[in-house]
Amino acid sequence: MTRRIILDCDPGHDDAIAMLLAHGNPDVELAAVTTVAGNAGIEAVTRNALAVARIAGITGVPFAAGAGRPLVRSVEYAPDIHGDSGLDGPVLPEPTFDVDPRGAVQLIIDTVMASEPGEITLVPTGALTNIALAARIEPRIVPRVREVVLMGGGVHVGNWNATSEFNIVIDPEAAHIVFNESWPLTMVGLDVTHQALATAEVRERIAAVGTRPAVFVGELLDFFGATYLASQGFASPPVHDPVAVAYVIDPSVLEVVKAPLDVELAGTLTLGMTVADLRRPAPRTARPRCRCASTSVASGISWSTRSHRSA
Amino acid sequence: MTRRIILDCDPGHDDAIAMLLAHGNPDVELAAVTTVAGNAGIEAVTRNALAVARIAGITGVPFAAGAGRPLVRSVEYAPDIHGDSGLDGPVLPEPTFDVDPRGAVQLIIDTVMASEPGEITLVPTGALTNIALAARIEPRIVPRVREVVLMGGGVHVGNWNATSEFNIVIDPEAAHIVFNESWPLTMVGLDVTHQALATAEVRERIAAVGTRPAVFVGELLDFFGATYLASQGFASPPVHDPVAVAYVIDPSVLEVVKAPLDVELAGTLTLGMTVADLRRPAPRTARPRCRCASTSVASGISWSTRSHRSA
Amino acid sequence: MTRRIILDCDPGHDDAIAMLLAHGNPDVELAAVTTVAGNAGIEAVTRNALAVARIAGITGVPFAAGAGRPLVRSVEYAPDIHGDSGLDGPVLPEPTFDVDPRGAVQLIIDTVMASEPGEITLVPTGALTNIALAARIEPRIVPRVREVVLMGGGVHVGNWNATSEFNIVIDPEAAHIVFNESWPLTMVGLDVTHQALATAEVRERIAAVGTRPAVFVGELLDFFGATYLASQGFASPPVHDPVAVAYVIDPSVLEVVKAPLDVELAGTLTLGMTVADLRRPAPRTARPRCRCASTSVASGISWSTRSHRSA
Amino acid sequence: MTRRIILDCDPGHDDAIAMLLAHGNPDVELAAVTTVAGNAGIEAVTRNALAVARIAGITGVPFAAGAGRPLVRSVEYAPDIHGDSGLDGPVLPEPTFDVDPRGAVQLIIDTVMASEPGEITLVPTGALTNIALAARIEPRIVPRVREVVLMGGGVHVGNWNATSEFNIVIDPEAAHIVFNESWPLTMVGLDVTHQALATAEVRERIAAVGTRPAVFVGELLDFFGATYLASQGFASPPVHDPVAVAYVIDPSVLEVVKAPLDVELAGTLTLGMTVADLRRPAPRTARPRCRCASTSVASGISWSTRSHRSA
C-alpha cells in the first residue's frame, strides 16, 4: 500500500534528497510539502523546496511555507553545513509554481482532516515548529495521523553539542510538544543516520543513473561532503533526512525499539537532548511509548530504494 | 475614538465582568471574543462566554473557542476560585448563538488582518496560549496590532505561588512569546488588580443599578467574594480582568511605567514570574520596552466607567 | 548584654565600615573576623581586613582567610564599585599581625564550638561560601549559633541584575545552604540598605569626629560615593554592610517580618534571587521561617551608633 | 610501586568489597578510609566501615566520618539495594577501634598535605560531598593529589533514572565541583561496572578461598544479588566499587578515553547526568580533560586481583 506523507522540511541538502526519494519511490506519495526555518531562513528553504520540486518534476502537490522562527528560542541557522542559501552548491532553477496561501500549519491540518483516519504519516526532517503548532491549533489531527516518523535527535549522540541534535535543539519546546503527543512516533536519530553515509561507492552508483535528479544529487553531495568533512571530520557525509523516508517506505531497513522518549527543556549541558530510557528491565514508572530507530540495516538497501522512480 | 478590542478570556467571574464592561461602555467595541482554557476547561469557559453574551445582550460579535491546553506544560484549572464550571454561582442561561467554526486563533488572525493597522487592541484576560499561537502562525499580525493590554503577572506579587500569577504560570512559554514580541504591551498585574476590590460599597452601587447584568454581576461577586475570602483571605475580592478593559477605555485610570519585562521559564521558585527591571537609573543593557501598569488610581473611577451602556 | 559576633566579610568599603562599627560599639564584640572572595580576590580582601584592623586598632581578635571562590560557579568580582584592590581610595597601612593558620572555616567552627550555645551571632557581609562550608563540615555549629544576620539579597530589588544582589548571586548554592539551615536567620537586603545612604549631612557628621578611623571612613565614602554615582546613579552611596551590624547592636533600628525565604538556583532571569513569600494570609504550605528586615527606621539613629568607641 | 589511596565510601556491599580488595592487594595501600552518607545514613555507613575493617583485619589506618548530607539537595538513601543498614545480609561484628576525631574532610586534607605531591590517589565510591568540601576548604590539595579515580556516573547509562547514576545524582553540585577541578580524574561509570558481574562462577571462586573475608563477601553477594535481581532485574549483580580500586591496582584492566566530562546541574530529565563529549573529531571548543573508563577488559582479571592478601 502506498503511504501518503507530509514532508515537513528545511532544505537543506539531505532534505532535498529526502524529497527526491519520496517523489521517486512508488511506495510513498507526497500529500504535501511544508517548510520550516532551520538550515536557513524560511524564504530560503521555501525557495529551495520549490526549486527541488522543479528538478524532480513534482506537480500537483501543494507546497506551503511555515514557521520562520522557533516557538520560544531565538532563531539559529546552519550555514557551516548547508551554506548561506541552505542549499549551496548546485545552481537552482526558478520555481515553476507558487506556495499555497494557507501556510504550512493550515495545510497540514487541512490535509490530515480531509484524509481518512490513519492515512497520513507526518515526516518532519527539520525543526518541529510547524507540527507542534498544528497539534495545538487543531488537536483533532493527533488521533488521525498514522504516525510521525521524524529525523532528529539521537540516542547517545549529538551534533550541535555533546548531547543534542540540530533539529531538536533549535526548537526544543516544539519537539517536547511533538514527542509528548499521543500519536505513534518514531525517531530516526543521529545514531542511525550517522551510519547512512554517502560513500564514494554510493555516489558512483548515483552518478551512474545519469538523470537530471541524479546529477543534482551528485552536486548536493559534493557540497555536503565538503562541509561535513571541514566541520565535523566525516570522510563521507551522513545523509540524515532520507533515512526517515526510507523507513516509511520499508520499515525493515531499520530496527526500532520502543522506549520512553522525551526532550530535555531545562539542562545547561543537555538542552534539547532526546532522552530515551533504555534501562532493561524498564522501571515500572516508565511508559514505553515512542519508538527510537536504533540500527540501520544494510545501508545499500536503503540507498537502492532511492532510485526507483527518479531513475 | 472607540477602541476595537479582541477579548481573549477564560470566564471566569472577573472575565465575565470584563466582557460586560467592554460591551457596556461606549468607548470600546468588541471586535471578537475568544476563549482559552484556564479557570476551567475549554468547553466550560466557552459555554460560559456564550451565556454571558446572552445576559449582556451581545449580538453580532463573533465568539470562538481556542486552546484547550497550554503550549508545553500540563493543564491546570482554578476551581478553588471559580468553582468547577469556571463560573459557579449564578444560574446560566442557554446560549443563543454558536461559536465561529474558524476557532480562536484563526479568528484573531482574520480580525487583525481585516482591520486597519493599529486598529485592534488585544485584551487577554486568561492564559496567553491563543495569542502566542496567533503570533507564531501569522507573524504579520504583530505590527498590525495597536497594543496588547493583558491582565496577568504582577510586579513583586504572585497568587499561584510566591512570585507567579495564574494566567502566566499556567502557560509560561506562551507568555514568554507574547511578552517578547515587538508589539506594544501593557501588563495589568496583581500589583494593580489587588487594589481593584469589590467592596461592600461598590457592590451596593452595582446592586442599585437593578438591570439584569447588574443582578448577574452581584451574583458573580457573591460567589467570587466567598472563594477569595476562603482561599486567599480577601475581605473584598479583587476583580482583576475588568481593570485591563478599564485601562483601554481610559488610560488615565492607571499609571504605567516603561521597563524591561520578561517571563521566567526556568526557575524552581520563580517559574512564570514576570520579571520587571525597575532599577533606576536603568542599566545600559536593559531595553525598556514593555509597560507595567503600576498603580491604580481612584478605583471609584474605574468602577463607574463600567455601567454606562449596561445600565 | 554584649553580643559576640563573627564578621565574615569581603572588604570592601562598606565591610570596612561595618568592621569599624562592630569594633567601636560597646554592645557588640568581635569574636573573629573571616574573609571571603567577593568584592575582590581572597588575598586582596584579607589584606584589606588586616589594614582596617590596624586603622581601627583592633587587637586580640583572630582574623582568618577563607574561600577564594564560590562553591560551584565561576568567581566574579566587583571592581566597578570597589576598585581592583577591593578597597580603592585610601592609602592602606601595612598589617601589624598575621592571619590565623586554621583558615576561616575552621576558625568559625572552633569559635562557635568553644562558645556557649546561643552565644555567637554570625554576621556575613559577603558571599556565604565560608558559612555554608562551616555548616556542612561541622553541622553541630548550626544549633549553637544564636542567629545569622546577613547583608545580602533583597525583597523585590537587585543590583547585579533585575532580581539578584551581588553577595547572593555570586555563590547562590552557598546562600541556598545558609538560608535553608535551621538557625534563625535575618536577611538585611537591598530593600533596607538602599535607605542607608551616606548623605552629605552624614558625611559631615563623620568628618566632624576627626579621629583616624573617621578620616578613613571619609576617604572610603569619597571613593564609594563616586563609583556608586557612576555605576548605579546614586547621589549618595548606600552603605550596606554596617546595617547588619547596626541591627545586631540594636534590633529596633529595623522592622522585620517573618516569612518563608529561599534562594532561586535555577532561573534564567532570577538566579540568586532571594524569594520571600509575603502573601497575606500566608498559604498553609508556606513555613514562615526566616526573617527579612524590611524597613530601616530613622537612619540617623543607626549612623550615630557607629561612633561610640571609634571616636 | 604501591599506590597509596584514600577510600571515600558509603558501605554499601560493593564499597565493603572495594575495601577488602584495597586492603588485600599488595599494590595498593589504604592511607585512610572516610565515609559519606549515601547508601545509608552517615552513622550506619561509618559503623559498617569499621565492621568491615575488623573482618578484614585492617589496623593502623585512620577511619573518619564525613558528610551526613549532600551540599545542597535533600538527602536520599538506597535501601532497595543495600537494606536499611546499608549493609544488610551478614551479621556484623562490633568495631574494634574508633573514628578519627578530625572528621573525613580534615583527614583527607591532612593526609594529602602530609604526603608527597603526587603520592595520594583519591578513590571515592560514594557521593562526592567530602571530596568537594576538601577541595574548597583547602585548594592546595588539588595539585598534590595524584589522581581521582571514582566510581560514579556513566556514559550513556543511568540507574537512579534514565540518565543519572546514584552517587552523582544524590549530590550533583559536589560532583560538579570534583569533575571541574584541575586534578586528573578518571570516571569508572555504570557503562563499565555493569560489566563487572558477580556471576555464579565468580562467586564459586570466592567461596573456594574459604577465609573469613571470603565468606563475608559471599554473604554480601547473596544479599546484593537478591536486591539487584528484584529491583533492576540483574541475574548477577554488578559489583561497582571494586572496579575503581582494581583500576588503581592495574590500569590495564580498563580502557580509558580522554574526553570533556561534566555534570548536568539543571536538567529536568538529566539532573546529575555525567555528560561526556565523545564527538570525533572533538570540536575545537571542547577541552578533553577528564578520562572516562569505557570498557572493562576480562573481568576475570580484576576479580583475581582481589584475593592476594585477604586470602
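As written, the chain order gives the labels A, B, C and D, with residue 1 at the start of each chain.
Following the convention adopted for this analysis, a contact is a pair of C-beta atoms (placed from the backbone, for glycine too) under 8 Å apart; a residue touches a chain by one contact, two chains touch by 3 or more.
This is a predicted model, so every value here is computed, not measured.
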Where chain C and chain D overlap in contact partners, by chain label: none
Type of chain B:chain C copy interface by residue overlap (half), same or different: same
Cα-centroid distance, chain B relative to chain C, in whole angstrom: 44
Where chain B and chain D are represented by their mean Cα positions, the distance between them in whole Å: 56
Distance from the mean Cα position of chain B to that of chain A, given in whole angstrom: 40
In chain A, residues with contacts to at least two other chains: 265-266
Listing of all chain pairs that touch each other, if any do: A-B, A-D, B-C, C-D
Footprint of chain B on chain C - complex, ascending: 156, 158-159, 161-163, 232-233, 260, 262, 264-270, 273, 275-281, 286
Chain B partner contacts - residues on chain A that touch it in the complex: 67-69, 71-72, 103, 105-106, 129, 132-133, 136-139, 173, 176-177, 265-266
